[in-house]
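Below you will find the structure I want to go over with you.
Labels for the chains are A, B and C, by order of writing; each one numbers its residues from 1.
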Amino acid sequence: MERRDFLKHLCWVITSGGILGGLSADAWAKMLNKDYDTTKHYYGMGIDIDKCIGCGRCMQACKTENDVPAVPFYFRTWVERYVIRTDRTVSVNTINMESDELGDVLAEKDVLRSFFVPKLCNQCDHPPCVQVCPVGATFKTDDGVILVDSKRCIGCRYCIQACPYGARYLHPKTRVADKCTFCYHRLVRGLLPVCVEVCPKQARIFGDMKSIASPLGRFTRMNKIHVLKPSLNTDPKVYYANLDGEVN
Amino acid sequence: METAQNFMELSKQVVGFIYPNEIDIQWSILIVVYPYITGLVAGAFILASLVKVFNVKELQPTYRLAMLTALAFMLIAPLPLQLHLGRPERSYEMFMTPNLTSAMAMFGFVYLWYLMLVLLLEIYFEYRRDMIVWSSESTGLKKWVLKILSLFSTDISEKAVAFDKKTVKIITIIGIPSAFLLHGYVGFIFGSIKANPWWSSVMMPVVFLFSAIVSGIAMVMLLYMIIKPLLGGKIDMKCLDKVASFLFYAVIVDFSIEVLDFIHRLYESEESIKILSQLVTTKLFISLVVLQILMGMLLPLAVMAVIKVFKLQEEVRKLLYFVCGLLIQLGIFSTRWNVVIGGQLFSKSFRGLTTYKMELMGMEGFLVALALLILPFVILSILIKLLPPWKKEELAGS
Amino acid sequence: MKDFFKKLPEQAVRVVVVFLVLAVVVFVIRQFIIPPEMKEPALQRASSEEREAAKEIHYAGAQSCVQCHDKEPEIKKSGYHRDLACESCHGAAQKHVDNPTDVKPTSPKKRDYCAYCHKYNFSRPTGFPQINPDMHNPRKPCISCHNPHNPKPPTTPRSCNACHAQIERAKAASYHALITCTVCHTAPEKHKISPRTVIPTKPDKREFCGKCHDKASPRKGVPTVDMATHGEKYVCWQCHYPHTLGGI
């Protein structure tokens, strides 16, 4: 038993009069989710571009929930704003909750179409990041989520190079790779990923692909679905509806 | 929060759109140094093998020097990798649970194979007889170091020496594909990243290999021209001309492969072509067009062609060779820079370019990189003291 | 075997011995000294998954809120904010769930919070209610007129631009600026309550535009075409976008 675990252990013994004392933090978590069976689930997410209003609640909640540094440079999920002008030129930026850059610089008549695109780790079915990790610190769970083992990652950043979607970053505090986990700690407790929870427009739909009767099931039935960069054969499990061809 | 401020500064220099996480350039100057150094190892070894396997007699004076150069750089090669890790203290994990699908995980094994089975063994058999003789001639620490290095072997009979010779030849034959593997594999680390169109190419290992050969030969040539006179010997012009002409052909091959790669990309003109041409014409213009191609390739090629055509005087030739060697080193270092840094300057959204600002001090800064580039020469000077590449007669006789 | 070794010169034997010793040492260390948790990927994965699952949650999820609060959720149920999770506005509340008396979640009362979603931005999908904070009752807190749990405009929207500001703005700069929406569209009253299910009409006949734009039309100063030959079978708005300048 490690020292930290041992200390925690000690705290438990004192506070709960020894009832829960025999458990380390890990074992406690296991007890909490004892009904949870990883093999019974396979997760995916749907995103409806036509619904996203670019309010940035998801980005903000994700940072709070997952201890992502609060500066506007590290993101597990972010929202891009696309503006396609009448002369077919495209400009893109990441929306920023702090600054007021949502303000309009363009005259309406110059805009052909414009929309927001929420982005996050695609939890690829063929994840190139997992393929390249030299120590096997990033891996795919049975329920289809790509995780990073923060105790073993050596911070070589090969996975960051290999991810085609810019979904990973090196956490400045822990110095290991970090990325969206679909809020794995919430899933095992039966909760939704936090971005899905707070999205005011239900532009994000979360679900289990092993169950047909789920919001995600309906989403993929009723919409034409596209994924990002399909030519790279990563098989993303984040499905977009009404995605524009300009998005990459 | 200091990084946040840095990023704020950097984000002002971003052109177009990049994914927000891409503001942080992941692989820094140290990862530029790494392929540069392994390239020198592979190149120096290939030059040495010309003597043993292909029996190019004129090159004999450079053989031992080339082997020692390869060893000196090889010993430093893992350092830049180690130092750039986010958690350097965990690097042993790579030997605990190597992930077999990862090109980088194989680094440890390729490295060990090459260091132990090729370089050390070959140097051992090459120097064994001399080590025994030298250790009997010297006293104190040196005597014992040489004894240990020769594994306390004592047999200097003709039969034993003949065996050494044969073994060296066999090891060299194994060594050539190993050297190709060592550096081709470094190319593969980059070439296999399908997410990055600047890197992702089957040509990558080949380009790496030939640029390695070029840089290694040029480095040994430079060292030969500096060290031999320093030790009191004379530069063997026949040998130098031969090295230079191998260098000339190597540069030509390297250049044609790179041009081929370039034309291929331009002609196929895939989705990424717009952002890549923007990259080449703006952020990489100096390091790619000016340093790598014009100064690092075309100029030395022209100079060496002039030397070949016109019978120039010995002294002029020496000077020009020396300048060519330096230019080529500069060019190959730029090549590594353009691959490693260049590949991270454009966004994977293909919509923008970012900037790399090199630190001066920090762990991944300029000074550390400089130290890593100087260290091999320090090691080389120790090796030369211990295992002189030329015998006394050779130094005096020629 | 023995003969073979005898035939080998002594230096070769030395080398072989050195390598054998090295190999044995490495093997012994790996096999017997290193504990299995350091070299078994399966074990490491399991423990990494457990650590991930044991992470604390910050957002409690709407299910937790309704266990104590009933008034607000009841009001919210039938209003426009029915799909909004409590924590979208009140922020991460797991601490409040753990300790309801001492920790209180936030309640944003300022205008800029509502503006995250409702400030006008042309990239937002049309139909989403947006205002220009500088013009819309400046400085007055939103909640003095709108109940955030059931946000209804104090009166039914007078004009369409409450939700269709983008179209309204474009139209204001076009030749059609003076034509009100209802000249071309009839919006059933129910559209204001269920905007997506009850949809306003669009002109379905060429003759409708022809009233002004036909060659034979008595209107002066309006570009006209010969309706008999121009545009064949298409309704005018299938090519011309009537809301922008010039109607191209």
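FYI, a contact is a pair of C-beta atoms (placed from the backbone, for glycine too) under 8 Å apart; a residue touches a chain by one contact, two chains touch by 3 or more.
What you see is a predicted model, and the numbers here were worked out from it, not measured in a lab.
Work through the pairs of chains, note which ones touch, and then classify the graph as line, ring, star, complete or other.
complete
Centre of all protein Cα atoms: which chain's centre is nearest to it?
Given all protein C-alpha atoms shown, the central chain works out to be A.
Report which of B-C and A-B is connected by more C-beta pairs in contact.
Of the two interfaces, B-C and A-B, more C-beta pairs touch across A-B.
What whole-Å value do you get for the distance between subunit A and subunit C if each is reduced to the mean of its CA atoms?
One centre to the other, that is 14 Å.
Any idea how many Å lie between the Cα centroids of subunit B and subunit C?
50
Take the average of all CA coordinates in subunit A, do the same for subunit B, and state the distance between these two points in whole angstrom.
40
Multi-chain contacts in subunit B: which residues touch at least two other chains?
96-97
Among the residues of subunit A, which ones contact at least 2 other chains?
136, 152
Send over the residues of subunit C in touch with two or more other chains.
Residues 41, 44 of subunit C touch two or more partner chains.
Tell me, which parts of subunit C touch subunit B in their complex?
That would be residues 9-12, 14-15, 18-19, 34, 38-41, 44 of subunit C.
Where on subunit B does subunit C make contact in their complex?
Its residues touching subunit C are 96-97, 116, 121, 124-125, 128, 150-155, 159-160, 163-164, 167.
Spell out the part of subunit B that touches subunit A in their complex, as residue ranges.
Of all residues in subunit B, those touching subunit A are 1, 3-4, 7, 11, 16-24, 26-27, 81, 84-88, 90-91, 93-94, 96-99, 101-105, 107, 189, 192-196, 344, 347-351.
With touch defined as at the start, can you tell me which subunit A residues reach subunit C in the complex?
Against subunit C, subunit A makes touches at 25-26, 28-30, 32-33, 36, 38, 50-57, 61, 64-65, 81-83, 97, 102, 104, 106-109, 111, 114-116, 136, 139, 141, 147, 149-152, 181, 184-186, 188-189, 191-192, 194, 197-202.
Going by the contact rule at the top, pick out the subunit C residues touching subunit A in the complex.
Listed in rising order, the residues are 41, 44-45, 47-59, 61-63, 81, 83-85, 87-88, 91-92, 116-117, 119, 121-125, 128, 166, 169-170, 173-174, 244-245.
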